[in-house]
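Just below is one structure, and these are the notes that go with it.
A, B, C and D label the chains in the order they appear, each numbered from 1.
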Amino acid sequence: MIIVLKPDATEAQIHYIEERVKKVGLTPMVSRGTQRTIIGVIGPEDVLRVTPLEVFPGVEKVLQVLAPYKLVSREFHPEDSIIDLGRGVKIGAKRIVPIAGPCAIENREMLKTIAKEIKAAGAQVLRGGAFKPRTSPYSFQGLGEEGLKLLKEVGEEFNLVTVTEVMDTRDVELVARNADVLQIGARNMQNFNLLKEVGSTKKPVILKRGLMSTVKELLMSAEYILSAGNFNVILCERGIRTFEDFTRNTLDISCVPAIKTLSHLPVIVDPSHASGKWGLVSPLALAGIAAGADGVLIEVHPKPEEALSDGAQSLLPEKFKELMIKMKAVAKAIGREV
Amino acid sequence: MIIVLKPDATEAQIHYIEERVKKVGLTPMVSRGTQRTIIGVIGPEDVLRVTPLEVFPGVEKVLQVLAPYKLVSREFHPEDSIIDLGRGVKIGAKRIVPIAGPCAIENREMLKTIAKEIKAAGAQVLRGGAFKPRTSPYSFQGLGEEGLKLLKEVGEEFNLVTVTEVMDTRDVELVARNADVLQIGARNMQNFNLLKEVGSTKKPVILKRGLMSTVKELLMSAEYILSAGNFNVILCERGIRTFEDFTRNTLDISCVPAIKTLSHLPVIVDPSHASGKWGLVSPLALAGIAAGADGVLIEVHPKPEEALSDGAQSLLPEKFKELMIKMKAVAKAIGREV
Amino acid sequence: MIIVLKPDATEAQIHYIEERVKKVGLTPMVSRGTQRTIIGVIGPEDVLRVTPLEVFPGVEKVLQVLAPYKLVSREFHPEDSIIDLGRGVKIGAKRIVPIAGPCAIENREMLKTIAKEIKAAGAQVLRGGAFKPRTSPYSFQGLGEEGLKLLKEVGEEFNLVTVTEVMDTRDVELVARNADVLQIGARNMQNFNLLKEVGSTKKPVILKRGLMSTVKELLMSAEYILSAGNFNVILCERGIRTFEDFTRNTLDISCVPAIKTLSHLPVIVDPSHASGKWGLVSPLALAGIAAGADGVLIEVHPKPEEALSDGAQSLLPEKFKELMIKMKAVAKAIGREV
Amino acid sequence: MIIVLKPDATEAQIHYIEERVKKVGLTPMVSRGTQRTIIGVIGPEDVLRVTPLEVFPGVEKVLQVLAPYKLVSREFHPEDSIIDLGRGVKIGAKRIVPIAGPCAIENREMLKTIAKEIKAAGAQVLRGGAFKPRTSPYSFQGLGEEGLKLLKEVGEEFNLVTVTEVMDTRDVELVARNADVLQIGARNMQNFNLLKEVGSTKKPVILKRGLMSTVKELLMSAEYILSAGNFNVILCERGIRTFEDFTRNTLDISCVPAIKTLSHLPVIVDPSHASGKWGLVSPLALAGIAAGADGVLIEVHPKPEEALSDGAQSLLPEKFKELMIKMKAVAKAIGREV
């Protein structure tokens, strides 16, 4: 931590800050420049983070030297984390994992149709929402517990790993009992109690980046889960909010290599939610793979025009099959496989 | 709802859409222009919102004519809503309501000191956090239930209305028992289960706008609470996230008159969280009042440098006193009072 | 400047950086912490700015200690700058300056009507565009030189200071000959050749903040003008681009007190362009004054529905008169005048 | 164009709008719904764009049916445009075009070294700046005319197409005489006079998207060039500004397939400027190709630490060679070539 002082900071003010730094067990190093005096703080700076140094008399600004996260950082764990999703599927290794399925689970027949199709296309992981976060209270809110049971049943029938969202601390146990992988939605990325709650299970968690969250904040949210004891976290980029309005959100493709630099956790992309337009899903999925993603999350629906949620961004099963073939080719080109 | 067709849409496609519109009880009106055919849909368009018309063959885009919210809209309720906070304090009328207090409740003595000071300055509402949403799992998370009890005790002692945040569906009943007004934080604006839960109480709710949310989405979140039966909602602008980095967030002052146009609900501003810098709080509070806000939320702390949360944005009690005097003057200039 | 090294930086790398720092005449100060070694650089750091220290082997990141601007900074010039616009009008002092007029100059009669009305309402500065930056090549592009002459004529007839935009380096001399104050539009805030060109005149310049520019970048653009010899710069906030779409742009009201902290230059707000909606102009103008602005830029048009540019955001003359009365009251409440 | 009326619009108001629509030669079609009356306007709606219908009494909002651009739209020109850059290089066809070189031209020797290296790696187009837009007036501003001459000389020696930026209307002729392709920088995307000026040449133009611009605005700016008679326009995505601060800007990868949907013009990506970090350039270049880009713009410098501009984002020649090999592989995977 570096404390930059105002040009008119007094000796008394400098002394006072030095004393405060020493009091918490750290070492201040004062360095007097021609235009500014700065105080470097040596030692584990965490103990100073709760002290609002910016308001100390004489302080102009405070610069952070170290990242505020630890367990998620690559410095802490230099090798890539490989997470076991069950049924022989691992994410974070050479093999890229496609995750496919409907936005919302609507009924048994539809879910089985989709499961069969994506399985045939080569996918091993089925997604489907039972609890749906909807901006309008008048929209379809999901089948709830009934949906979870259908997902479990269909996952077992087709030997597919299942992924579903959990939205409420009160539902974590129920969802964990019925699905293989828990998903935290973008709107809950900073629902800290929910993070702690899924951190107390040992289930793999897909943590979606908030629409207005930085990469650093995504890592801090993951830190909540790891610090609660669950290291099985997969980060997911699903688009951030910008002024561009042709797409629903802006897929921040750069965050894939950025996260790979900063963290050891696997990262996947969700081009369906990011773009909101099925016509853009394939090129964005391929871009995700080319950029280094460990998986892609694709919405698939046999009759998008009858979907109860997000039909406009769903691929037809035959389009998904074509995409799988292209993804295999691009993965191979960069030395990986799908 | 207006459905704009592609230039090459066929008669069969047009016919198919017309049939679908009729099937849900609405009336399609086809209008053939020189460059595009469009289909106007007459009737309550809600029933069509779940149908993803964008993916119908031949459709180029779909334009919404009506707002998706109802109970919160000024069209539904033309007069300003005035909400009773208890202890004789009403918000939404001529009198502007200042709400002041520490970011987090730290201990009894500190809370009493602040309560006394803000009361003396003329404020009637005390805020203080017992459950704190923090981006880092290693930061101070609030005193929890103990904090709630201190708040209740101090509120009663000084006859101040109390406001505190609730973050978890499991805590709503506990918080409602101890505080006069419930606050939903910016990060929970789209925690829909929490919205439903506070909607099932009759307590006044301050709903903070998410950092990433549009005014329309804020209104949709309020609609969740109203549609659950609780009409006592106060909207709060606390800064949105932009590329500007001198301030922590950007106070969207325009949303004050914008919300007044669209909705009957009271609206307040929180310049402390928006700017993150105590030096900007006073000018922004005055700007909020000049723009038409019904209240302001101000962080006050006697020793900001020792605050356990957000000290850098807290005003000293004497600065708050000065601000109260200026707020009275500006309120008077626009025909209101503080 | 602080250079933060990677955890695995070698002694040879540290030594190499030290040598480079010394070579440009600065003093490196190495400080070895428990988790990172950092190098503080003492001396005028400008000489290092062109050296991309981030790519030196062993460097993790580089933190700036000093602001990159000088002439515009309050540190360089602690008192508020007061700029003489001519005809006895000064900006930056106690008196707030309203600037009013049509978006585009359409014809003599219309301009005279507006000039008469705003004069009667108490304004002393007339704005009107002769060269219009329009996003579409098919929109009205302004009257050009003819418009400039009308502006000059009407300004003299009514004894009003005149303001108009210059868009092209080739037009600076022509515009400077016909108007009292030059305006640089938001889209040209980083048209550096144009900045240098207006910097070579002595005319007062209103520099509008770009839709996607930070306060720091606005100050850097002003630095271009000052460093070319023209210190008569007025900064203007006219809305930044965010995801919010109810308003055309988001008026960043916080930048008014922020700029006052960082710089000595006067700052004004333009609520007409920021909101794009005439119904929001008055509350935002009042908010601007309450926040400390030195002036406001208001579009006024007698027949907004026939305006050739931006009619939707123009006030009728009678609405402008009402606003002037309210502005006087708010200005008085904060110890200033209009 | 669809005019949505307020719930309380009167017959007189409706009649007045109908008359205004008829007056400009269009046909109004009034449709009375249960909650709103709407007026559809049939005919070429351009003539109405300058009329601010939003301010007509009784109007709630106006919805655009048609895009405001024409010449650039795929509707106008369904096939992909293929643009001849000279020296046998075409862009927009099956073959993807890598463009490489230094940010700024520093001297003859350096430029020749880079030209030789990129040529050896298989690139056919050399970029290099002679006029540099810099946020600080104190930064290196480019060699100007001398740089242009070096670029021409080196391009001829190595038989490479040359690209360089033009920033000032006064320099268009000079730059056009010395370079094969003109570049309009992001900060000048809405410098409309400059667009018209390059539109009056026949030189291919790379038009960079502004940091703050939507895809639609980029297309409108291209429309300026095409409408001035020059159809040789290549669009370039170079990152937009968002709240994310790990990267300098956010590469909006979705705009590649979005532009391909809306327009016939070639589109390229610039991962060097977008990310500002050389470590991210390769994955982003590959993502651009996977998403369908027709070219990539890569900064290459033999000694990034001594570069006078943007060294932190430059690839070493050997890294560029490795990237070329990967680009070939990914291009092949999607049925194209480099």
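The criterion applied here is as follows: a contact is a pair of C-beta atoms (placed from the backbone, for glycine too) under 8 Å apart; a residue touches a chain by one contact, two chains touch by 3 or more.
Bear in mind the structure is a predicted one, so any value in this text is a computation, not a measurement.
Without subunit B, the other chains remain one piece by contact.
For subunit C, the chain whose average C-alpha position is most distant is A. For this pair, subunit B with subunit D, the centres built from the Cα atoms lie 38 Å apart.
A separation of 31 Å divides the Cα centre of subunit B from that of subunit C.
As a whole-number value, the distance joining the C-alpha centres of subunit C and subunit D reads 26 Å. Under the contact definition stated at the top, the residues of subunit B that touch 2 or more other chains are 212, 241-243, 245. Looking at the complex, you find that subunit D touches subunit C at residues 46, 49-56, 68-69, 133-140, 167-170, 187-188, 190-193, 196, 210-212, 217, 220-221, 223-224, 227-228, 241, 278, 304-312, 314.
Residues of subunit D touching subunit A in their complex: 212, 214-216, 240, 242-247, 250-258, 261-262, 274-275, 279-280, 283-284, 286-292, 326, 329-330, 332-334. Those residues of subunit C lying in contact with subunit A across their complex are 2, 4, 7, 29, 31-36, 38, 40, 42-44, 63, 65-66, 75, 241-243, 245.
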